[in-house]
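You will see two complexes here that share chain A, one where it goes with chain B and one where it goes with chain C.
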Partner chain A sequence: MSARVLVGYFDSEEKVLDATRAVREAGYALHDVYTPYAVHGLDEAMGLKSSRLTWVCFGGGLLGGSLALALELYTSVVSWPLNVGGKPFNSFPAFVPVAFELTVLFAALITVGSFLARVKLFPGNRRVALPRVTDDRFAIALEAREAPSEASIAEELLRRHGAVETARMEVAS
Partner chain B sequence: MGPGVRRAALAVAVAGLGTLAVGLALSPARALSSLLTSGFYFLCLGLGGAMFLALMYVANAGWFTVFKRIPEAFASYVPWGAVPLLALVPFAPKLYLWARPGIMETDHLLHKKAAFLNVPFFGVRMVLMLALWTGFTWMLRRNSLRQDTERTEAQTKRNVAVSAVFLVLFGLTFCLAAFDWLMSLEPHWFSTIYALYNVAGLLSSSVCAITVAAILLHRAGALPQLNSSHLHDLGKLMFGFATLWAYLWFSQFLLIWYANIPEETVYFIARMHGGWAVPFYLNLVLNWALPFLLLLPRPAKRSPAHLLRVAAVLLAGRWLDLHLMVAPANQPEGAGLGVYEVAAFLGVGALFTLAVTRAVRSAPMVPAGDPYLVESLHHHT
Partner chain C sequence: MSHQHLSPLRVPLVSEARSLGQLTEEICAPMERAPTWRWWAAFAVAVSILGTGAGIVAYQVGTGIGVWGLNKTVGWAFDITNFVFWVGIGHAGTLISAILFLFRQKWRTSINRAAEAMTLFAVMCAALFPVIHMGRPWLAFWVLPYPNSRGSLWVNFRSPLLWDVFAISTYFTVSAVFWYVGLIPDLATVRDRAKAGLRKAVFKVLSLGWTGSHRTWSRYETVYLLLAGLATPLVLSVHTIVSMDFATSVIPGWHTTIFPPYFVAGAVFSGFAMVLTLMIITRVVLGYEHLITIRHLENMTKVIIVTGGLVSLAYGTEVFVAWYSGNPYERFAFLNRAFGPYAWAYWTMVTCNVVSPHLFWFKKVRTSPAAIFALSLVINVGMWFERFVIIVTSLHRDFLPSSWSMYTPTMVEVGTFIGTFGLFFTLFLLFVRVLPIISIGEVKSVLGFARDTHGGAAAPGPRRPAHSAAEVLPAPALALATRKDVPV
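Showing the complex of A and B:
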């Protein structure tokens, strides 16, 4: 799948924030905004909804903690009970450190894995980044749905808000 | 706060501490335990303010500058907070087992500790520690106030140096204070992580109190510059320190539980059974489980009303935590939330309120000369 977009390139984060707000106010559909680093306030300027990744993280933690407790309960109570210092086989305090570690491990790995899968960052994906957006350029990509004559109005809007260059292209959606 | 509120606070302080004075005659151990718990609780809020400031200075942090007068005001309570603790020294034999007349002759283990655990040396250590903390908090505050008129970065640099020295000395002396004032209530028992566990409680409760004060001042219109990003970061610190507390609490418990040596387990046996069992488990809920879940979502940490509720839970939890450290030594039979506990909390709390509001009113709310002020005003997370 690919989408036709109009890309405007900017050379500072202030300009890209300003232009992002302006194109949204003018009613254009944002495809995405690309920046070399995380820009504070860009999520609000783009009108992004809060991420659902936090729930993935919470679920991953719950899963890790439950699996750890289940494993410990099975191995030390059901499968192979050992008398350690005369303590009960089912000793919750002893299970806590492993449950804690696996909670953190599962939460972290599942969150990072889900993020990479969601943004399609994995081996074999040959998508090419826009020129210089990993270096010193900030790019706004608008969905180019309009007729070419109207699209020039969008181009004009981007330039008025500081775009140093604009381009039409197909990008992977 | 108007003069009416100050008069009311003064009345509460007099009434609370007066009740304790009566209690000293009727039920000395319980009255003194209550005074130790609440005296230490509020002293820790003051010290926590100083530690918060010092941590921010050495980290070259700029986000907190807009509300830095609040931890400063807390820190200026330290000399006031010394009074309830110093008042304990003459009554030490009623509170501390090792100070009872004749105990050293009959208890071999305590006899071995007599060179350290005796009332004169205990009093000297307390005076020196309180004087040291008072000196450093006074210096931090004085330099900060001078900056209001000087408007240069010289005082910030000076406070970074003062803070670095303070943090090292505070780490050492606070450990000693926790061992001296709290752990020695049960002088046969020992735990090396005890002091660190107390530092976690201090940080957690003082960040909560700073958050509460900031939100209340913002609502009163005195601190309009406070934004949701400042609250978000305070919320993260509350969350982090509550979890640190749980981590250290469990580290202490686990090692004692699995080693299962009688002279160590005695501490938990006394608290996990009988009248202390309910507060023992409630402690974990108030200080960690509840705040952890309540502060997990991002919007929770940015909502003033929600933060106030969580801070109330944690501040109540910190009192319960200290009560569980102090009271069972002299009241092994069970929990108690009676007139003395309430009187001590309200009495010392009123003293704290008086000292803090006095400090808040005596200086401009926003430090106009601080080079980090602009960064703080534009703080965005």
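Showing the complex of A and C:
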């Protein structure tokens, strides 16, 4: 899947922030902004909502902890209760460390896995980055659905806000 | 760079003005040029040591661990010492990458990548020792709870040694994932710089199709924060559980409630010493003195002063409690440590860990890489002796004087330990060659710290639009008003 976009290139964080706010105020549909590092403030400028991955992480932790406790209870109490130094079969405090470790393990792996799936990052991915955006350029991609005349107005807007270059192209969505 | 203003309030994190492009160039350069003869020399030494170590391991696995110096009284000695030593070193990486991240310590950005790599390599070295100690390492999978044909005989979830299995393997996995997630944007940078060829192909796969999209960055930041939040209690739990291997036993000198915090403090102490040892060499060899600045080194020495203080307090508390408890066995264990046949090891430990960190109170010492390097080695030695003292002196004179004995390591044990240094340095030298050892993306975000521009903006360009802060505020206020990365 790819989208036709109008791309404006910028050479600094401030300019890209400023231009992002400007194009949104002017009512253009923002496809994406590409930056070499996580620019703080761009979330607000783009109007992105905070990620729901925190809930995924919580769920992952809950799952890991429950599975660990279930495994410990099943093996030590149900499947083969073994008297170790006269301790009770269900010696809950002793089960905490392993349950804690598996909580962290599941939360971490499930969070990262969900993240990669959500943003479609995987080995063998054919997506290509715009020129220099992983180095020293910042790029704003506007969805180019408008008529060509309107596109040139958008181009003008980007340039007025510091774009050093603009281009019309297709990018992977 | 003519119109850059330095903030009157803050010191820049990157000590020389750099544009974004220059920074990419600088950090990628070592991977893209042929290795120097110095690298080859260091690599040759490391690989030889690794090879010798592998031979020694093969010998002891083939012969049986009777070739060690252990006896009926001292059943744990050199290998467990080395295990705890390496795990401890591994703690600094996650501390720097996770805990300092949560505390918004932006200076961590130039050292976190290398420190995390060091963590992974140190944990690999550590994990070798218990596996070799099993005697039949091919049965190591028995430590996992899996349904089996022995009735399903399960592992004992009440044993701290089993907790250790889960703690170390979780720690390694989560640290590796954290490290890799941090690497993805930089892998894409390397991919986009590479000409068509092997490097391009490899980094294309590794970077998973990263495009620098901010919709991705936004979630990426959330994930990074979550991982930091998960890794923080994890790193504290790991050495806590390692200390429980000892604390849950009934041996005088081991059976103390102070062990978990004491071990965690010691781990951070030794880990920072090892990070300093490596970073001081790396920054000079690769010419990164402006990225890993004296200030970075100084901050780490301050962490060493604090954790060294905690360790000293723990030593003092142990001795006090041995006397105050009135327990004759406990009291004997500590008198024996300080004045018995292993007194030399005890006093080496005290000199290295309690006395030497206090030299860092002097600014001259804190800002001299040579002095820091020397002291970091001293602390590494001291922390190795700490574990040796805890393990061997507590065991060698136990409750029954008739079974008292002495322990001396054999050449096989010493060789295995030296061999792990070969493994550690081989991996570290490879890492320096094949991956960006400084987080390019993160350092870019702090390039403008305490400067009024962010990297690339330093080049003369079109004026800012009228409604930007530049037009409204006078210049000195601008330095603060445009700052997104307000530090603590």
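Here is the rule we use: the second predicted complex is superposed on the first by the 173 of 173 C-alpha atoms of A that agree within 3 Å, B and C clash if a C-alpha of one lies under 4 Å from a C-alpha of the other, contacts with A are read in each partner's own complex, and residues count from 1 in each chain.
In the analysis below, a residue touches a chain if its C-beta (ideal position, glycine included) is under 8 Å from a C-beta of that chain, and two chains touch if they have at least 3 such contacts.
Bear in mind that the values here come from a model prediction, so they are computed numbers and not experimental data.
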{"item": "First (chain B), second (chain C), both or neither touched by A:54", "value": "both"}
{"item": "Touched partner set for A:37, first chain B, second chain C, both or neither", "value": "second"}
{"item": "When both partners are placed on the shared chain, which of chain B and chain C touches more of chain A", "value": "C"}
{"item": "First (chain B), second (chain C), both or neither touched by A:97", "value": "both"}
{"item": "Contacts on chain A seen with chain B and repeated with chain C across the two complexes", "value": "40-41, 50, 54, 87, 94, 97"}
{"item": "Chain A to chain B touching residues, read off their complex", "value": "40-41, 50, 54, 58, 85-87, 93-94, 96-97"}
{"item": "Touch list for chain A against partner chain C, complex", "value": "11-15, 18, 22, 32-43, 46, 48, 50-51, 53-54, 57, 61, 71-72, 75-76, 79-80, 82, 84, 87, 91, 94-95, 97-98, 100-102, 104-105, 107-109, 111-112, 115-116, 118-130, 132-136, 160-162, 164, 171-172"}
{"item": "In the complex, chain B residues that touch chain A", "value": "250, 253-254, 257-258, 260, 296-299, 380-381"}
{"item": "Complex contact set, residues of chain C against chain A", "value": "19-21, 24, 145, 151-160, 162-163, 166-167, 170, 173-174, 177-178, 181, 184-185, 188-189, 191-193, 205-206, 208-223, 226-227, 230-231, 233-234, 237, 241, 244, 440-442, 444-445, 448, 453-457, 459, 461-462, 464-465, 468, 482, 484-485"}
